[in-house]
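The following block contains the structure, expressed as structure tokens.
Which chain is which? They are A, B, C, D and E, in the order written, and residues in each are numbered from 1.
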């Protein structure tokens, strides 16, 4: 016998704390902490609702398990990206204004050597603009 | 069949022209040939009152439903025939700078196709779609082929204004249409007209009519919504100006008659004071602006505002005479504005600008053909009896003086008096133009190239202009040619008996 | 019979069209113009002699306009026959005369065609059995007057005069149009018969009749619309003759005569008409007395005479009908055409129209001298010339009206008429003395003020005295082509008609109706006035007008600054127009521009707030979620 | 599994991408140097998936293709999962609408794969990871999208939605540019928080309805109808005061999915991520992701619709905000990808606009609008991709499109059609029809102010797209003559030779756009 | 108030408190550790609620895997050990966070408490036992479960590819970037080098 309003209240509390955590942290990893708190609030709610009598299909615990697994998957990708961010910018500060200048002349970074020459044949006077790319290619 | 062909011929020709850029005789042949064929088909369609009705977008209940009735017959003819004139005119001179000739002609044809579809659409949503068709080609005409003497931003402004104002109007109109269609359960214009507002409460009618009038009022253009017109007219190439004035503006008034008057009688009646006041303000406003406007094309644009004011006044009267006057005034303004824009466009081509303050040689003796056409056009613009505009304007005043029973008589009568003042203003500005351009006021001060007389109108252009002059005089002398077309339809529309074909 | 009526209207119009096409071939153009007007004159004669008395001659068929009936009928009766004939006759004369007068003018073809169109307009008005057709004719005449007055469009004064004439009349036409609309609404028809027989709605009737009076006042040059008429002398003399003699300015008389049965029952409109005409006839006669230019003097005399015609309609008793007005219209047509054509002839001979330059130039001209004499005498009302009869018919009608209960209105007219008789006789005598007196004066021509026109300005700076200058230029430009026989014949025939034209009016009901007493009185007045002038002018050696103090005369010659008043009104309208343009640009157009500005500013602000800062995007996300959640839950419940 | 009847042909649209994914992995294991094979497999899988959805398109109203059903038979099984008193519930229910969305997703994914098609020239042999990984991630996201459109239970729904989201984040990051990392980061944190909220919403739904199914019956049970209807002793008895909780759940779901739809204020990642990633990935984000989001949203809203047709102020607010901000911002962009990104924001507003009436009409209209948007956006992005290959380095600026009409009329024509479709102007009839469709439910529900806001936004939208279109039809200064005469003919040939697959993708997308523009019913009728 | 209520209250208090600390602490690593406590005690809460399986999975996956990952990440990104003001956002953002967090709690509580008021779960005869859950997972929920496996697979592949990308890029940035400071394209080129 347990009163279900207790876990419900805890769930609400955790969600609120999670929201605060998301907004209070500039460290990307710590933002994840807030996200995890919200997820856990949801999980708790699922479990709570699922432990009411007559809940069908064991949905509460099953969904909780799903969510936990999804969270694991998420965290994996998230941490990989945070690492990329750190390598690329040297910080993981979410309040920093990112440098959006194009560091590549082309999308997808797979310009090959024949494209510029093909364009030359077309006679478009783009040589001046293309110069750096060609230089980069030469170096590479 | 003829009807479908009539829509498809200009459409396909336009697509062909736009897809294959070039300026060879083939493209010219396609353009002229297709317009002529379309015009012939238009005559056939109007004569036989053709109709086509097949399902199109079933899920929206939109049918591919086109037909001609008394209200649209004259407009269909006007559009089809005028496009022939426009194309002939365009082909007999240099294509405006900005792109290939085939694109230019293709856009003209697209406008024609859209306008014809608009005038013939018998389904409210189809009407809206057709209404929108003309926008992009006309935008291209203004944006790309517009006056190349002005800065690019000016062209962008004019073209943007045109398209944005119109889109606002048409989207509002769409909202109105959807309201109407939702509440009536059908988008068939014939059925809607037959319902005659049955089943719609008065406030609802007023609301829908207000949205529709607001939306269409931009296109007409009604008074405070007109500011897109002068710049678009000024910048557009001759073909664009002509189509804009003679065809596109008509879509607004036609829309009001078609969508609002027959289907929402109570709503339109309630709003008729507003319509009348805006119409009269437009008459005076346009007339006054013309008195001091420096640019000739702008001036004609403002005069369009004034003339469409009469049409609005006539519609506001709500009587059959008023509706007849409105439809007649529509056509009249179309023909007259077309003539004026042709003439002024040709002059501008030679002058390099249409600024009235530049002293130039008089047209009267040096270029008598231009002179004649201009004078006839101006005479028509001031509503000279015997020319086509007179009937629309006089009848509009008559109709507004004795409006339908549910209209505010006193207010409308005040409007009539002010509208009549507008006639005097029209005389003042028309003669002002004649005095400067035709009679050569201030021409003594002309220097340099401006003092050289312009080369007179020749060849196909002269034929185009003369044809319009003949039409103006003929319709002025024999107005029942037009009035007879729309007679049965207007009475049907007003009584809710359905629009007789 | 009805085809004659239709032909009377259509033929001149066709002639105009053909004339326009053939304007390069002078001979052809002249032949067409003259022959068609001759033919129309014959048709007019037939109609007059044998009128069909119908009012439902189909023209182009009735217009389908719902509840408004617009049958567009023509009518034919004795009055229309008479007036049509007279008009056609005068037009014929003018066409013949023009063929000589504008022989060297490169725009002769256009001029002749325009005259034909003008005639078509007038004849349409005369034959119209429908208010709309009347309006059509009325406006067509106005338009043609613009073309004719502005014939010499190289000259700024001509351009200005043409503009002024059209605009002033058009302003008055505002009332005309409203009036016609009101009358048609009252009758639910524009058919003349329906309008005349319609009953009910007195307000509409008042609006209609007053509107028409104001419209007529514009075209007929009643005060305060009168000032365009003297300026219209800028047109070539035949144009002046046409406008003044039988057509445009007199058309108002005809229109009101057609509506006379309505006016007869409406005291208010008639009082307005009476006041306007009384003021105009006296005022114009006074100004005519002091004019320094022959044509301008004739123009003022026209104003005065037109007012006399209209005053007949204002004062005549209902049972007498409009005959007196029509009669004077006919009489005036003859002698005024005669006078104008004579003046044109004289100006060619003398090379000027300024009175000072014309002094004594009439004496050696033989037939012209006689013709001018007859014309002036007729104008003055010397028996037995037509002017005497028609004017006295008017006086008699007015007297009858006054004694028959016309009250203030009629008495005002009577008094004004007698004053006008005196003044008319005086200025005619003065003119004759100046033209015919042997003393050759060598007066300096007045300086011509250069016309300065700002293109965008409706108002034009005045230049009063350039009419004579125009003729001088014309004469110098074209050389002294000796008058051709037909042209001279025209003048002579008109002179003859002035003598015997009274016979025309016999058949007209109320046409010639001279009371013995009033006739005697007017003859005495004429004689007295003539004598007075003769003696005051020292038997023609002096210009009697010179006795008028300069500070009065100078402004009088210039029409007492009415032109300035017009210009002022024009300026005011222009100012309003400028205001409108400013408002259009800065207020009405402000919304779209402001929208663009706001959109751009919002875009800038948005750009600043979207710097891809993840933390801020989280903030906006969560704010959004909470707001949306609260809203959603609140709205749901 | 005895209780669950699994019809593999029905789930084929989802299985094929997964199978393709596995195949790619296996192929990569066998030969890590393959570059085109993964893409070929992915393209085939996408195509197959598209074909597999076709039988579902013809379904009439109410009927579905379903599997993983919990039938009455399963209830008889002793420990089997039971849903007492409920009608049959299936974990996969694809009706005409769902199938259409699936088809659209598969088609869009196919075009994206075509656009991302690798170059002829091999790079260094060591660089082998990227193509297989991209192919795997694309297929996974596609699979997620397809599943979510057919899901009817919160479990599948959540997993599928995440499956549609997570790979995309990785895809964005994979392009490796500085901007891409910024975009991926922003996308990541937004998506994580959104997903957490989504889970919270789902939990609330479960708490309120007691049902893990997103069905109308479940929604009704929140009002207590559940227990009343069944009356069985084993039936779940919950407090009946849970409509508010359902409301909150719905709103949270809207917010959570709104992030994927780029609704303001959940949109901030959009321009960064689009601009950072490669064009094919941006295309994927703009099309397949949106389909997934809307499909997910519609699953929930259709369930909620049973509670009546509640007009949601929140949706109205989000829609008007999105339209306005998206358009206003797009008006300022000189980078076409950013412009398209902001246009996506605006279009997302239009997509959810009809949902202010949560009714069959609104749902259908929303899906229709989404499809019109997807088709048009695909073409626009495809043109950008092709142009970018032509003119690397500057193909992203509007200025690069000046004179396109002369250089390459067909491509310009396709772009013009796409832009006019997005603007809702003829000749892009389909866009116009989409606008009509979207406005219809709004008007039907009497949302006048919203309709007026939409009308105003239609105007700004036109301004946005015409800005680009202007460049397309304008000859660049000074080269008008040269480009018109010389450049016009050789260019398209060269283009076609160099990258046939990419062009094929463009042609395919354009063909679809043209066809549905001529006959909009093809697209609209699918929605029943 | 039953025993379970009391136990739950205690565990819940720990959970809430540690959650609060994990979002407020100034030390990065402490935050992760407090999260550990929080998630662990939440597992306890699941146990109290009678969901043993969930509780154990929570311990296994969250505490065992996720938090460790977080810690690794903190270390890889050279998180400073010790109090660091820089880990928090500006005050106004934190204020907004606090307000929004409070609002969230209030909103949820206001809806959930009435929903669950008086509702009890009789945990002595549990409705969902572990075998039941297992059967449900592999019976009813097999479809999402299989999808979940795909998700995990894809997430791993994605994370692997993304992090691999980093390692290459890092070297490239160091080398090419130094040689061509003005040539941004060099970094792009380099990702082609396996």
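Operating definition for what follows: a contact is a pair of C-beta atoms (placed from the backbone, for glycine too) under 8 Å apart; a residue touches a chain by one contact, two chains touch by 3 or more.
These figures come from a predicted structure and were not determined experimentally.
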| item | value |
| --- | --- |
| Intersection of contact partners for chain C and chain E | A, D |
| Chain C and chain B - chains in contact with each | D |
| Chain separated most widely from chain C, comparing mean CA positions | E |
| Chains most often in contact, by C-beta pairs | A-E |
| Innermost chain by mean C-alpha position | B |
| Rounded Å distance between chain A and chain E, as computed from the means of their C-alpha atoms | 13 |
| Inter-centroid spacing, chain D versus chain B (mean Cα positions, whole Å) | 43 |
| Geometric centre distance via CA averages, chain D-chain A, whole Å | 19 |
| Between chain A and chain C, centroid-to-centroid distance (C-alpha), Å | 88 |
| Residue list for chain B, restricted to those that touch at least two other chains | 164 |
| Residues of chain A touching at least two other chains | 8, 11, 15, 18-19, 22-23, 26, 28, 31-32, 34, 43, 45, 48, 50, 52-55, 57-60, 62, 66, 70, 73-74, 77, 80-82, 84, 88, 94-95, 98, 100-106, 109-110, 133 |
| Shared interface positions of chain D, touching two or more other chains | 70, 81, 123, 155, 158-159, 162, 166, 169-170, 173, 176-177, 182, 185-186, 189, 193, 197, 200, 204, 207, 238, 244, 248, 272, 463 |
| Those chain pairs that satisfy the touch definition | A-C, A-D, A-E, B-C, B-D, C-D, C-E, D-E |
| Chain B-facing residues of chain D, complex | 364, 368, 405-406, 409-410, 413, 420, 424-427, 429, 432-433, 435-437, 439-440, 443-444, 448, 451-452, 454-456, 458-459, 462-463, 466, 469-470, 473-475, 484, 488, 519-521, 524-525, 527-528 |
| Footprint of chain E on chain D - complex, ascending | 1, 3-4, 11, 18, 21, 25, 68, 70, 79-81, 91-92, 123-130, 133, 136-137, 140, 143-144, 147, 153, 155-156, 158-160, 162-163, 166-167, 169-171, 173-174, 176-177, 200, 204, 207-208, 238-239, 241-242, 244-245, 248 |
| Partner chain D, residues of chain C touching it in the complex | 599-600, 602-604, 606-607, 610, 612, 614, 616-618, 620-625, 627-629, 631-633, 635-637 |
| Complex contacts: residues of chain E adjacent to chain C | 89, 93, 96-97, 100, 103-104, 107, 111 |
| Complex interface listing, chain E residues touching chain A | 1-2, 4-5, 8-9, 12, 15-16, 19-20, 22-24, 28, 31-32, 35, 38-39, 42, 45-46, 48-51, 53-54, 57-58, 61-62, 65-66, 69-70, 72-74, 76-79, 86-90, 93-94, 96-98, 100-106, 108-109, 112-113, 115-124, 126-128, 132-133, 135-137, 140-141, 144-145, 148, 151-152, 155-156, 158-160, 162-163, 165-166, 169-170, 173, 176, 179-180, 182-193 |
